[in-house]
Amino acid sequence: MRALAFDLIRVLDENHRAVGEWNPHLTDETLVAGLRAMLLTRAYDSRMMRAQRQGKTSFYMKSTGEEAVAVAAAMALNSQDMCFPTYRQQGLLVARDWSLVEMMNQVYSNSHDRLKGRQMPVFYSSREAGFFSISGNLGTQFSQAVGWAMASASESDPRIAAAWIGEGATAEGDFHHALTFASVYQAPVILNVVNNQWAISSFSGIAGGERATFASRGIGHGIPSLRVDGNDFLAVHAVTDWAAKRARMGLGPTLIELFTYRAEGHSTSDDPTRYRPNTDTATWPLGDPIARLSDHLASRGCWSAAMHTELEREVKEVVDAAGRESESFGTLKEGSRLPASSIFEDVYKIMPPHLRDQLAESGL
Amino acid sequence: MRALAFDLIRVLDENHRAVGEWNPHLTDETLVAGLRAMLLTRAYDSRMMRAQRQGKTSFYMKSTGEEAVAVAAAMALNSQDMCFPTYRQQGLLVARDWSLVEMMNQVYSNSHDRLKGRQMPVFYSSREAGFFSISGNLGTQFSQAVGWAMASASESDPRIAAAWIGEGATAEGDFHHALTFASVYQAPVILNVVNNQWAISSFSGIAGGERATFASRGIGHGIPSLRVDGNDFLAVHAVTDWAAKRARMGLGPTLIELFTYRAEGHSTSDDPTRYRPNTDTATWPLGDPIARLSDHLASRGCWSAAMHTELEREVKEVVDAAGRESESFGTLKEGSRLPASSIFEDVYKIMPPHLRDQLAESGL
Amino acid sequence: MNATRSLSMIQAINEALDVALERDRMVTIFGQDVGYFGGVFRATEGLQKRHGSHRVFDAPISEAGIVAVAVGMGAFGKRPVVEIQFADYIYPAADQIISEAARMRYRTCGEWWSPITVRSPYGGGIYGGQTHSQSPEGIFTHVAGLKTVIPSNPHDAKGLLLAAIEDDDPVLFFEPKRLYHGPFDGHHERPVQSWSDHPDAEVPQGHYTTPLGKARIVREGDEVTVLAYGTMVHVALAAVQETGIDAEIIDLRTLIPLDLDTIRQSASKTGRCVVVHEATRTCGFGAELAALVQKHCFFDLEAPVERVTGWDTPYPHAFEWEYFPGPARVGQALRQIIEV
Amino acid sequence: MNATRSLSMIQAINEALDVALERDRMVTIFGQDVGYFGGVFRATEGLQKRHGSHRVFDAPISEAGIVAVAVGMGAFGKRPVVEIQFADYIYPAADQIISEAARMRYRTCGEWWSPITVRSPYGGGIYGGQTHSQSPEGIFTHVAGLKTVIPSNPHDAKGLLLAAIEDDDPVLFFEPKRLYHGPFDGHHERPVQSWSDHPDAEVPQGHYTTPLGKARIVREGDEVTVLAYGTMVHVALAAVQETGIDAEIIDLRTLIPLDLDTIRQSASKTGRCVVVHEATRTCGFGAELAALVQKHCFFDLEAPVERVTGWDTPYPHAFEWEYFPGPARVGQALRQIIEV
């Protein structure tokens, strides 16, 4: 078992065939749905990136190259399982069919933003989608997920929790606390480390990734740990499914390292050419997860370049329609906004006197 | 290598002979010196415990049963190597021949206390003895030691650092940060986990010790990790020596789990009969380190029961003499004290105006 | 009202936890040594036995982990009550408290929140030295989204703790450890007192709450207003008795949200105000109180608001009584302020 | 004095670090992204190349680890200067800062100390939302043993940073990120200004220090005293220009130790005082300032000390200009206070 923490679980071989004991044997329909969710995520990312460049919002973060990490996991989990993501798992929301318009409203902080313009772009939150509020403070969600899972187990609730953390953020104490509590209380939680090899400008070695795999961090806590090719949709699906079954059977936590690659800059505030040689997506280690799944479908004989192009066109249309709708509700600096007085709400359940006074003082 | 993190390195066999590849082949003199330091530590502990019961100070913590952990390490290290201890490694100071009177002065917060009555009993600090100031906040010293070691390495200073942490306190983030930084920068540091199986009232399982060994926490950081019988003086000496040599050769950190047993209560504020079945020292897992070393010396033919008794008498005399001297400088509530105005000093290097004002206001 | 008995503060806290566990199956209690052992101060004694180890249990020595897990449990729908063994050890949890618990409701617009209570013994006077004596409330009262509650007697301790647990916002509940077993007025040289004869130690059985955000006028008076909380309420009472000054003593009970109305009325009436706390002075909660009183009662004040506090130093082990703002120092401030 | 050139604040900070590295081989700089990349705000640009990767390097994403390692290095004899990428991320390091760095000298009676500088960009106005806009200084000014420094212009940024690095006590050096590239007076609707024509952007070459603990009177005036620091100095200046009120504006520069003499003299002279900061109000540093001014200048005050601050809410992304205490709000406070 411990060896799996140092290995790299893959299902797709060089000829795009699904092979080996981790083959999840998914149906064509499931795989096409996964491909569509990944394409939709990528199309969404590229529209929002453009919107930021056009000044329609302040900030954006893409998940390019990492779509399988989120989408395959979402498809392997039950739709009611609770996700504690970082800012790079928008694919979870997309795969769970959460509204693109709602996502965009949040990015634009517009008049329909469910988060009332309070959060920076991409810090989504959706109880309905089982997608926990993203924190700006790296790592905090990881140990919170364990608490949620402990609560679920103690209520004999069938739902499990899954959390994601970047390989860079594993250096935070929260990572350690998550492993400790998950192990001690055998919480039904899947702890995912997304090793996209970069943390802004620093290579994964600065988080200790050159000395051991991130999956092997689980060994010292007695947590079954798997290292998987994060750009292999089938492999990610398989390990997530395995971990979810364990959790649901009461066998406790699993740590999964998803080896992938941040194909683009950290965010719109970043310029990766200053610190890494080449952002040409052609050099993606392990290959583009979308291309690989598409090729696999083709190898199964149920997919063609034309179908792929058509699907790309379709998702672009979906995204564009959502974009138009969302922009009709305003963007960060244009169009209608929520009343500014709302900034005093929800600090507490009931507004205490000092905030009532400040609201009055503000004249808002 | 990884197997050593799950094993238990021992040198002394059931017949008290030194066997196996970890046998450090120490001289009789070294072993007798070690035995004396352990006995001295135990005698010191018992006098100070009594002093606390007599109301001469507010608090005390013994290291009974864990003397080998500190003493053998101190003897394997160079005297200039820097120690970052917890409150249960008084044996380091004893083995380094630090003044018992100074230690007692600190415990009594008396007029000769180098720490001017500021710190709780046993929170020693001695730059001269290479013994870093003990913190009340568990874990903090562990990552500080890594910083010290990084600095030493960058100055090509031959000194290395060693840190200790209780198995309970490994759950703090500092433990994780220490491993991360030690691994990334390959700091010349020995990271010791003292697994005495208890953290106040909670068994080591509450820190994750039932799922994996504490030594195995090093694996995920690529840090060579050893698990050793902490009540086997020779084994502790051997692994410390091994780790120190690695550090001095620039090969980076080592994690050592010292498996031992807290033979007494957590502190004078604690009553272990409320949470664990039996404090009879006869049930010590692995056996009393002092008895085991004494038996080993006997098995070498250079030690006898009479010599042991004589040594016990001698160390008791040393401790009693030190006790009398220290008590002549006062105890917590009796005898002379330092001027109370000293409480305003050393908050900053130079007393700033607001503290000068408060000093004046205090009338001290 | 339920029948009352005289309880110590630690008994009252224990009873509040028991009642909370009994009434709401979502209440979950954990922290270091709180399970089998019942806590180093015995606050949770017997609770694991009565309510089961799924609801009352030991936690690893990781304050950040404890609060994080509470936040996660709160998001699920539980109502966690966690213990930080000493307030001095709350700092490792600062990020989870400040960045997470305090902001969860705001950042999700009410979609999630953190109905958690963080209990922690605070304050000195037990020879705890600098890491078992601190009063860190002033750090957290600066953080929007947190409530901070500090009881001064068994009756309030039970009522406020139940209110805190039932509150849907995160509450820091600091317990003056020097009051656990008896009222303490700062006269450390005198024999230890017990709660048994104290009127505020009459604690009703069963469930009741003492509302958050309401101060209590402990003693009415005309010459000067004393604002205090926790241990310092008793110190202030002693100082008033010893000086014979007719002070109005207000026990704040809740720092955030603050009962400014009661404070304002009193300080406007007396025209003088002394703020007392054990925490270090600079940027302590007393700074906020002084800032508020001078603002809201400016034209009624005869003298500047004075602060009697711990010094701006760590809490020194052997000199804790020189650090502690005892009745002599409070009395002196009272005498001085009425001369102005 | 050395020859001067006009520098932006980020250039001045970069130069201070360069000078410190040059003069003292014990100076060591690390933090997230500070090495090869030169920092997300470019404060350490070029330093690794010039001084080597043993002295300027990237650190893991562990604020607590960064500060702990700095404390350990400081105990060895190094002089570490670490960066916390945003002040909002300082909380994970709270324990190492508060329990360790701040108390090392005290608890060892000077045997060890923490000559560390923690640099961190703070404040809002860059659409950073609640986790890239905070001003947490008021949490740390409560902690005995820490110094807190906040520059308002390139000249002071360099001089104060060099003084902070050379100081043998732990210093928190909060950098108003909104001032990195130009003076900002709160008029976000106007074109961005650059430092190039600003007199305080004339930065001497080489080494100089601006002493810690000394405030600067930015503008003399008779009607009211404005206490400010960081970005708010510029906002106050704008408010004064716009209202035409003859205010004396004091740039505190160092919060701890505070230049109380300068404050006292000014407030006693003007009889009125407005405190301005971007941090949330309750228990912010403004509370301490108000408490001090009312105490030390009570009989000279014509009006209560007023606070113009960020609201007691998290910093909202889309409504940052409603949160930010801009020139309109400061101006209104000035107008109101001189009417009293």
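Letters A, B, C and D name the chains as they come in the text, with residue numbers starting at 1 for each one.
We adopt the following convention: contacts are C-beta pairs under 8 Å (C-beta built on N, C-alpha and C of every residue); 3 or more make two chains touch, one makes a residue touch a chain.
Model, not experiment: these values are computed from the prediction.
S.K.: Please work out which of A-D and B-D is bridged by more C-beta pairs in contact, and write that pair.
M.R.: Contact tally favours B-D.
S.K.: With chain centres defined as mean CA positions, report which chain is farthest from subunit C.
M.R.: Comparing chain centres, A lies farthest from subunit C.
S.K.: Averaged over CA atoms, how far is the centre of subunit A from the centre of subunit B? Could you give it in whole Å?
M.R.: Centres of subunit A and subunit B (C-alpha means) sit 45 Å apart.
S.K.: Please tell me the distance, in whole Å, between the geometric centres of subunit A and subunit D computed from their C-alpha atoms.
M.R.: Measuring from centre to centre gives 36 Å for this pair.
S.K.: Averaging only over C-alpha atoms, locate the centres of subunit C and subunit D and give their separation in whole Å.
M.R.: Taking the mean C-alpha position of each chain, the two centres sit 32 Å apart.
S.K.: List the centre-to-centre spacing of subunit B and subunit D in whole Å, with centres computed as mean CA coordinates.
M.R.: Centre-to-centre distance between subunit B and subunit D: 41 Å.
S.K.: Got the subunit C residues that touch at least 2 other chains?
M.R.: 59-60, 62, 64-65, 88, 91-92, 95, 99, 106-107, 130-131, 144-145, 256, 282, 311-314
S.K.: Mark out which residues of subunit A touch at least two other chains, giving numbers and ranges.
M.R.: In subunit A, residues 116, 118-119, 123, 135-137, 171-174, 176-177, 180, 184, 206-208, 347, 354 touch at least two other chains, as defined above.
S.K.: Within their complex, state which residues of subunit C touch subunit D.
M.R.: Spelled out, the residues of subunit C in touch with subunit D are 64, 88, 91-92, 94-95, 98-99, 103, 106-107, 130-131, 138-139, 141-145, 256, 279-280, 282-288, 290-291, 294-296, 298, 301, 303-307, 311-314.
S.K.: In their shared complex, at which residues does subunit B touch subunit C?
M.R.: Residues of subunit B touching subunit C: 58-59, 109, 113, 116-121, 123, 135-139, 168-169, 171-173, 199-202, 206-208, 269-270, 274-275, 332, 337-338, 340, 342-344, 347, 354-355, 358, 362, 364.
S.K.: Give the list of subunit D residues in touch with subunit B in this complex.
M.R.: So the residues of subunit D touching subunit B come out as 28, 54-55, 59-60, 62, 64-65, 68-78, 80, 92, 95-96, 99-100, 104-113, 144-145, 147, 167-169, 213, 256-258, 260-261.
S.K.: Write out the stretch or stretches of subunit C touching subunit B in their complex.
M.R.: Residues 32-33, 35-37, 40, 58-65, 88-89, 91-92, 127-132, 281-282, 311-314, 316-319, 322-323.
S.K.: Inside the complex, what are the residues of subunit B that reach subunit D?
M.R.: 82, 84, 114-116, 118-119, 123, 125-127, 132-133, 135-137, 140, 143-152, 154-155, 161, 173-174, 176-178, 180-181, 184, 345-349, 352-354
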